[in-house]
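The structure's right below; bear with me while I get my questions together.
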Amino acid sequence: MTQKNDLTSVTAGARSRSSRLSGKVRAALTELGFSAFAITLALVISALLMITLGYDVGLAYQSMFRGAFGSLRGVSQTLLRATPLLFTGFAVAIAFRAGLFNIGAEGQLYWGALACALVALTVEGLPKTIAVALPLLAAGLAGFLWGAVPGILKARTGAHEVITSIMLNSIAIFATTHITSRYFMAPGAVDQTERIVAAAVMPQIIPGTGLTAGIFLGIAMAALVAWFFGHTALGYDFQAVGRNVDAAEYGGVSSKRIQVLAMGFGGMMAGVAGGIVVLSLLNRFVANFSPGYGFTGIAVAVLGRGNPWGVVLAALLFGALDSGGMSMQLFARIPSDLTIVVQGLVIILVAAPAALRAMVRWRKPNKVEPVDVA
Amino acid sequence: MRAVELHDITKRFGTLAANKAVHLTVERGEVHSLLGENGAGKTTLMKILFGLYQADSGSIRVNERPVAIRRPDDAITLGIGMVHQHFMLVPRLTVTENVIAGSEVARHGFLDMATAVEDIAKLAERYRLRVAPRARVENISVGQQQRVEILKALYRKADLLILDEPTAVLTPQETDDLFEIIRRLKGDGKTVIFITHKLRETMAISDRVTVLRDGAVVDTLYTAETGPAELARRMVGRDVLLRVERPPSEIGKPLLEVCDLSVASRYGTAVESVSFAVHAGEILGIAGVEGNGQLELEEAILGLRKTPSGTIKVRSLELGSGPDARRSVGMAHIPSDRLRRGVVPDFSVAWNLILGSQWRRPFSRRGALLRNEIADYARRVVSQYGIRCESIEAPVGSLSGGNQQKLVVARELSRDPDVVIACQPTRGVDVGAIEYIHNQLLAMRAAGKAVLLISAELDEVRALSDRILVMYEGKIVAERKSDAGESELGLLMAGHRAEAG
Amino acid sequence: MWLEILAVVFNLRTLNAAIRMSTPIALAAMGGAFSERAGVINIGLEGMLLVGAFAGAVGSYATGSALLGTLIGVAAGAATAAVFSIFTVEFRANHVVAGVGINILALGLTTWLMQVVWRTRGISPAVARVQSIRVPLISSIPVIGEVIGVQSPFVFVMIALIVGGWILLFRTPLGLRIRMTGEHPEAADTVGINVRFIKHFSVILGGALCGFGGAYLSIGNIGRFSMGMSAGRGFMGLAANIFGQWNPIGGLGASMLFSYADAVQIRLQTMEIALPHQIIQMIPYLLTIVILAGGVVKSRPPAALGNHYRSGGDA
């Protein structure tokens, strides 16, 4: 549905900057409202579920909110848990923009984490900045290479990136486990590497809370991603391929090259996510460590509508759900896994704009079709 | 007895009226041609009759009884069958499976393929529709696939067959076979509606013909009482002839040379050893009914399609591969399918204006987009070319078709090219924009550029071109001066070579 | 050592284990086959298996009857699929996103509810389970008896379902309509086939099959539910479906191949012969990628897979 705007013809920037900005803000708010509605609906459904099973919904959500935001420790936990999700969210969102579905963030994350840990075992004696940066670079590189594989397969053979990514996820988990247990296993029964050197441990922002500088990296990355898509020719090419392949090809863009790069960049983000988990949380590589960061990244990207700042908000929300869930379990005696239910509901609801529109008869002021991939 | 009466049918898609108060009466047992250019509303009308679309207003009578056709099964029940231009066949399934799906023969709940194969063989025998029932559709020829489509309709006991551009994909020999089949169907008492834009075929097969133009019926005539010249005039004639001033210009040296160009397609050769040159200060028009190789020619010149043979030179330099090489030597291109290729609807006006130049100065430096330069440029172009948009940040999808096309024209011409390839440049745009675009092309000519105009709009080609080439079935069949008569060109476009002399 | 490995590979008990282990995978593969033959990409098989396993266990726990538990598992799998098909077909949700959502939702819901029901997050208490049966005549036949003479009834039902599913898909009018819908929904529409009904039916049938496969995991085997017990078998089913060329019998073959490799590996582990088992576990996934990339045989998914179709030109 396109609207004609012939009547409000504007030439040569006659419109003031402020009114144009307000248009953008309005569009962003509509997007925000859309996501907020999905979240609210998911919380309502979860509430109904709790009522059915005889729980105190008020207490549940109250303790959840307090746990996530009510104290310095709570806020730190929220931010800490949001950090890897930020990066896996970018991993999916970047590929989205080029019209690809990176469902392989989970596997890319594992390779990133392993590469990061192996490098972080060897950076003894280097200055802190370099000792942290080198392992993260390794994580990004490993993620890039693994992520590029489905892109190459798609460009070369047309194999659907969704299916190959799923297969590559399983392969990555088995392979990293195998490599760890066979070559780098620390003494003990758990498949894990030795502890990384102290210099490579991500510095804590507020001592005692566990919150590390990783969150700043995430925010900086959001700015970088926003810059990439708004201010670079390559970012332009990505989005041209994602929005209209034929026009992109006509504009001289090689869509195959973009497919490989988009999956590679996405993989790089997921790899860094794994690296950050190793440097700030685990301090070693542990086989099978991920509670599904990569899959939650899909939810984060979809909820954030593929927009880097939207991803930040969505990651914070999921971080809050995570840390709030703990407190809910403690105070309201409701198992914290309910937050996973909320996540699942959010992702299904956001995937189906038509469903939301059917529920509130929504007259859209602007074209806010959500990211429709594939 | 009237097989079908369509009364006052109107159908809109958004703001576009595909059918405007159409009346159509088809007698039982006749072959009735529905003649018109692409986009005249022929297919839409028949999809309404077949239940694939719902009319906004109007009524339908079948066999002189009022009916409501909401879905294809309603039409099938009424004895209507339709052979679509793009075949509704599943390549992986067999002929028999394709024919029976939806009307299967079952025994104890299982498919009774033996009986089905036998039934189909009998049916095929009766109408001499030679086809192997057990073959997979992907392994048989296009002509045979069409027979399968006809069998599908007959298997469902259709009395009325709608054939949508049935000859578009057929070789001349296959076309003759199809006409034989149609005659046999008629002999058996069936009614046939034959959608086409080809005059020769209309004359050859139909009893009556209804001419559609711009969604409305122009006339219904007995084929025996009319001729190709009259039909051509009614089909392509415009109520308002477009007027443009075309002052004499100085023809210079050739800037674009196409030599012995051939392009392969799924159905054989789409473009067959085409050669021409466009000179500085000249507009060369290529006229032709759509689907005669223009799209393939366009894509080959643009570098989006591999060519089995031939060369393309700009300023006597042979071109490298890909669209970027074309831009580098000063070729501009207005693509025929604007929404598919010309713009990215979700991108802003400013971003669409730099498509193809996003890596070039002054819009980017070392890969970073120079936002201020882009915005300045966009504002300048928007004002200079009078593109009506809310702002340069507005998505192009929100612009009207005319303004989208103006944007494409502005983008391409503002790069100061030497060679302009303009393909269907005024399709789907309003009168104001048409005039504007025509003047822009003439301005390029006046500035000593070479313009190649590929258009199915005969008026447009005649009004703008210094020379006119007529393309038919992938070949250049004639060259005429700009003063060539409309009916002569119309006949040539419809493949009437002999009569045109 | 090589002799011992060969002895395991060519052992009828390994084959017996492989058939047993392939049960949920083959059922998920067939679920995927129906769904995708109708044009709906189904990433949610994993979640549907998990829901089936959980609901089967809860049903068995609540009613004390493994049979009722199984039926409840099947119903729950179908219900999960119904949610998925309503969102994908009616609300035109992106199939992949919705499928991922179903998986996350299933994991969250089952993990949460198991704590509500059993107050444990690891493994449930024992519930009534379906015992293996010894088939009177077959079990006394030398070779075959050893392979399928003593098996869970689930295995026999699975084989019957696979054969039945193949017949339904390739030998009945409904199956022809399903195949046409996934290949060319517009063509199906023009011959009067109800495309929406076909898609809902196929997806929900696929969910029921997953529910049955899930019920096997919990009450057909160990008689307990454990957190996330589908453990990637839905994804394996997805792979087996592609490997088996969207054909239930092909899917069973692929599942058996995958399970055979796994069974060999597990038996060797118990014999303390340390093959790198993770590498063996990778095989199904690697094979699927090779197949998809056109390495061995040309894979050919239904032509309209993942598309949304609306009849009537009112899209």
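Residue numbering begins at 1 within each chain, and the chains themselves are lettered A, B and C in the order written.
We adopt the following convention: a contact is a pair of C-beta atoms (placed from the backbone, for glycine too) under 8 Å apart; a residue touches a chain by one contact, two chains touch by 3 or more.
Model, not experiment: these values are computed from the prediction.
Chain centres computed from CA atoms place B at the largest separation from subunit C. The chain pair A-B and the chain pair B-C differ in C-beta contact count, and the higher one is A-B. One finds 29 Å separating the Cα centroids of subunit A and subunit C. Rounded to a whole number, the gap between the C-alpha centres of subunit A and subunit B is 45 angstrom. With centres taken as mean Cα positions, subunit C sits 47 Å from subunit B.
In the complex of the two chains, the subunit B residues touching subunit C come out as 13, 47, 50, 52-54, 71-73, 76, 82, 84, 88-93, 97-98, 100-104, 106, 109-111, 152, 156.
Against subunit B, the residues of subunit C that register as touching in their complex are 167, 171-173, 175-177, 179-180, 183-184, 186-193, 300, 303, 311-314. Those residues of subunit B whose C-beta lies close enough to touch subunit A in the complex are 15, 302, 304, 322-324, 327, 333, 335, 340-347, 351, 354-356, 358-359, 363-364, 367-369, 371, 375, 379-380, 382-383, 386, 388-395, 397-400, 403.
Within the complex formed with subunit A, the residues of subunit C that make contact are 41, 43, 83, 87-88, 90-98, 100-109, 111-112, 115-116, 121, 232, 235, 238-239, 242, 276, 278-279, 281-282, 285-286, 288-289, 292-294, 301, 306. Every residue of subunit A that touches subunit B in the complex is listed here, in rising order: 2-6, 8-13, 15, 20, 23-24, 230-237, 239-240, 243-244, 246-252, 367.
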